[in-house]
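Just so it is clear, A, B, C, D, E and F label the chains in written order, and each chain counts residues from 1 on its own.
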Amino acid sequence: MGREPSLTHFDATGAAAMVDVSDKAPTLRIATARGRVVMLPATFALVEAGRAGKGDVLGVARLAGIMGAKRTADLIPLCHPLALSKVTVDLTLVAPDTVEIEALVKTTGPTGVEMEALTAVSIAALTVYDMLKAADRAMRIEDIRVVQKSGGRSGDFHAP
Amino acid sequence: MGREPSLTHFDATGAAAMVDVSDKAPTLRIATARGRVVMLPATFALVEAGRAGKGDVLGVARLAGIMGAKRTADLIPLCHPLALSKVTVDLTLVAPDTVEIEALVKTTGPTGVEMEALTAVSIAALTVYDMLKAADRAMRIEDIRVVQKSGGRSGDFHAP
Amino acid sequence: MGREPSLTHFDATGAAAMVDVSDKAPTLRIATARGRVVMLPATFALVEAGRAGKGDVLGVARLAGIMGAKRTADLIPLCHPLALSKVTVDLTLVAPDTVEIEALVKTTGPTGVEMEALTAVSIAALTVYDMLKAADRAMRIEDIRVVQKSGGRSGDFHAP
Amino acid sequence: MGREPSLTHFDATGAAAMVDVSDKAPTLRIATARGRVVMLPATFALVEAGRAGKGDVLGVARLAGIMGAKRTADLIPLCHPLALSKVTVDLTLVAPDTVEIEALVKTTGPTGVEMEALTAVSIAALTVYDMLKAADRAMRIEDIRVVQKSGGRSGDFHAP
Amino acid sequence: MGREPSLTHFDATGAAAMVDVSDKAPTLRIATARGRVVMLPATFALVEAGRAGKGDVLGVARLAGIMGAKRTADLIPLCHPLALSKVTVDLTLVAPDTVEIEALVKTTGPTGVEMEALTAVSIAALTVYDMLKAADRAMRIEDIRVVQKSGGRSGDFHAP
Amino acid sequence: MGREPSLTHFDATGAAAMVDVSDKAPTLRIATARGRVVMLPATFALVEAGRAGKGDVLGVARLAGIMGAKRTADLIPLCHPLALSKVTVDLTLVAPDTVEIEALVKTTGPTGVEMEALTAVSIAALTVYDMLKAADRAMRIEDIRVVQKSGGRSGDFHAP
């Protein structure tokens, strides 16, 4: 592996920096991330009941995730600001106790959008937690990861 | 179960709302949340090496987590804005492959600070991911949850 | 008219300033604002169809309005930051062509929350426009105003 | 018109999404929006007096509108972030009781800037309200709409 | 002085933290900061000419400073969010080449507002620079400091 | 020089505006800014001691500066939003009493990045102040200026 992998966000003296992407061509980049919120079955039932239109937890979380993706460069210190060209966030109920979250983000730019996809999933998950916390304090946000990534010099990636 | 537990963030018609806390007395409230980032042992070794001063991943993530806690009400749609009186974020290396994150948040206010503590952990975890993603695309953010909460009408909570 | 009414946001030299509220007691303050979006009947029909669950324009706008209320002091240069204790935004379909919007905001603080209520209505209205603009470019946002206000030294107000 | 007009911000299942613009060529896009604030003639007189340099309501509102345009993607959930290349906001006194507001926004990008122009007008109008509300609680923000739009696949638009 | 002065924003292990102010009583706190922008006399003449109403550099900078004060806790990592009760920013032309800036900030809260006053001065100074940079690239922002501070346990301070 | 230099941020009537850059080609632009914080030698010693890992004032300020650069268009009213491609902030201890700060910013865009570099220096300097203010209230932020600029129609600039 030679000198690599190194920590790209630090210079030779160890100082943090936003890395130089001015030489990278803007190309189409896509990333998909996933995660889930695990809760009590009784809490899950509340979310399921809300889908009928009275208390749409998933709709609120979807929107929070989309808006969160747009705030990524504000939140993650060394992230480059990017003009996102698409963001979708899908939340799926998986009985008996899990809300699955998937976010897909696209840009035409010089860096990838994994962080935007991961941030969308994280903020959506936090929003699910917020809306259900009065009913269930022991929920857990689990397994947030990138599942697919394409575009850019480093090649495509599919989670094993 | 009677009428409860219900979804406090929705009114009788199912519309989302920021719930009324104007009747709740401002009291001291504390919440602690935890989570972790799991990575390849080789990636873990890079973080560990950085502690010696050349590439302080944990220091950057700590700061991002603290700043993230202050942005909670901007990110989570139905969260009340709160004047936080303390935020700490601790990151611990647990060999061979894990960064443990713990955030503690305090306020004197009418609602709890679980969401601020969870947001601090989430943003710190995302920042760890960002700084290491060039070396390891398969990292996972795991097990974000509230471990302790005190203050407020609903009583104290310790995760089992 | 005597010395009054004067422009409270300017000092004796005409310079803009955030006025001093440090002598004002924090009391419960409530404000309600209203506005509407007027569109083609065919566009209105699209919104109505979405209430059945496929394309919830009103749900998205409600959330945008609530989040907008929390950003008021960021947007309006001379507004004081306030810890809002309640925000609700209601959107009602009024056949054949109108979405009515009402926002109610509460705080316990030294200044009123009219601006927060008006901002919530404005952002909700803009969001309705955004989601329908591909279908109807000639929509209009109409009649945004405060309809009720209570708390504070200046007494209660009901729009005539 | 066939199946159209449909709600572009929702997918086939009715879920809200930021629509994909990655296939759209970046072209010059211009949008102009207008609106007005209607007030008591006595309040109008205060604004007019301020133009002489002691209390420049219009100058403050102009700046708030320009800054508001830059925050559009933060405020409107499904708006794409855009690099604006020009923003102007003009406020005109129309005796005896009206402040007319017009905003023009330009970008070279994949989507139009109607929302940015409408947001600029809205935030400028709210700022006018804020600075005059101590004198006049019954002001109204009226008739915010797009008056002109050019660039992009959907063709030019002039309000009738 | 014993162990003091120490770095209050770091814990015993050297980790940065937002310090705990939950035990501090909310009291009235006031801070005044100053700074200046030094430019070519020809540039100064342009600013002076603008005071007559065509190009009010000082008015724009004043507003930017006030809005900047409200963003302090977003910008300075370990600052506590505070509900500011007053912000004023004054800009004075001092011939032949200097714009003097003074900001005064008040809050009733558990920590001081020096950072808010300094941030207001800094953002106002940067805004002066921005508006004049096409005419003069060699301007300098000088001598930003706290000149007065009152309230809180550490006692009053007047710059010597 | 004829009619120039004029105030580019104001139109013919003296109204502030974000100037039109839609005709300017996106080219690589680089700006470097500098400034310093001057303090008591005893305070300087505290910062120096922190470099050994217990209280890294410079690391926190570096990160704040980088994040501040990304917020420039939010803070400076008439600045264009830009997609930054690189940001570095270096802080150097200059005995006996000075922290030197230098920021370098790159973009490929239609306008320069002097304001982003100056903002990075300013926010880093304010953060240094914040972390040391309990020890030293009389610190001063000095001499913030652009030292180099390249790219764009106006040609390169090196501070004399």
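Observations on the model:
Operating definition for what follows: a residue touches a chain if its C-beta (ideal position, glycine included) is under 8 Å from a C-beta of that chain, and two chains touch if they have at least 3 such contacts.
Predicted, not measured: the structure shown is a model, and the values here were computed from it.
Contact with both subunit C and subunit F is made by A, B, D, E.
Listing every chain that touches subunit C and subunit D alike gives A, E. Both copies, subunit C and subunit E, contribute mostly unmatched positions to the interface they share, with under half of the numbers common to the two.
Subunit A and subunit B, compared by their mean Cα positions, are separated by 15 Å. Taking each chain's centre as the mean of its C-alpha atoms, subunit D lies 31 Å from subunit E. Those residues of subunit B in touch with two or more other chains are numbered 16, 53, 56, 59-60, 63, 67, 71, 74, 77-78, 83.
If you check each pair of chains against the touch rule, the ones that pass are A-B, A-C, A-D, A-F, B-C, B-E, B-F, C-D, C-E, D-E, D-F, E-F.
If you check the complex, the residues on subunit D that touch subunit E are 53, 56, 59-60, 63, 67. Only residues 11, 15-22, 73-74, 77-78, 80-83, 109-110 of subunit F touch subunit D when the two sit together in their complex. Here subunit D touches subunit F in the complex through residues 28, 59, 62-63, 66-67, 70-71, 83-90, 106-108, going by the rule given at the top.
Residues 4-10, 13-14, 16, 35, 42-43, 46, 50, 53-57, 60, 63-64, 67-68, 71, 74-79, 114-115, 118-119, 122-123, 125-127, 129-146, 149, 154, 157, 159-160 of subunit E are the ones touching subunit F in the complex.
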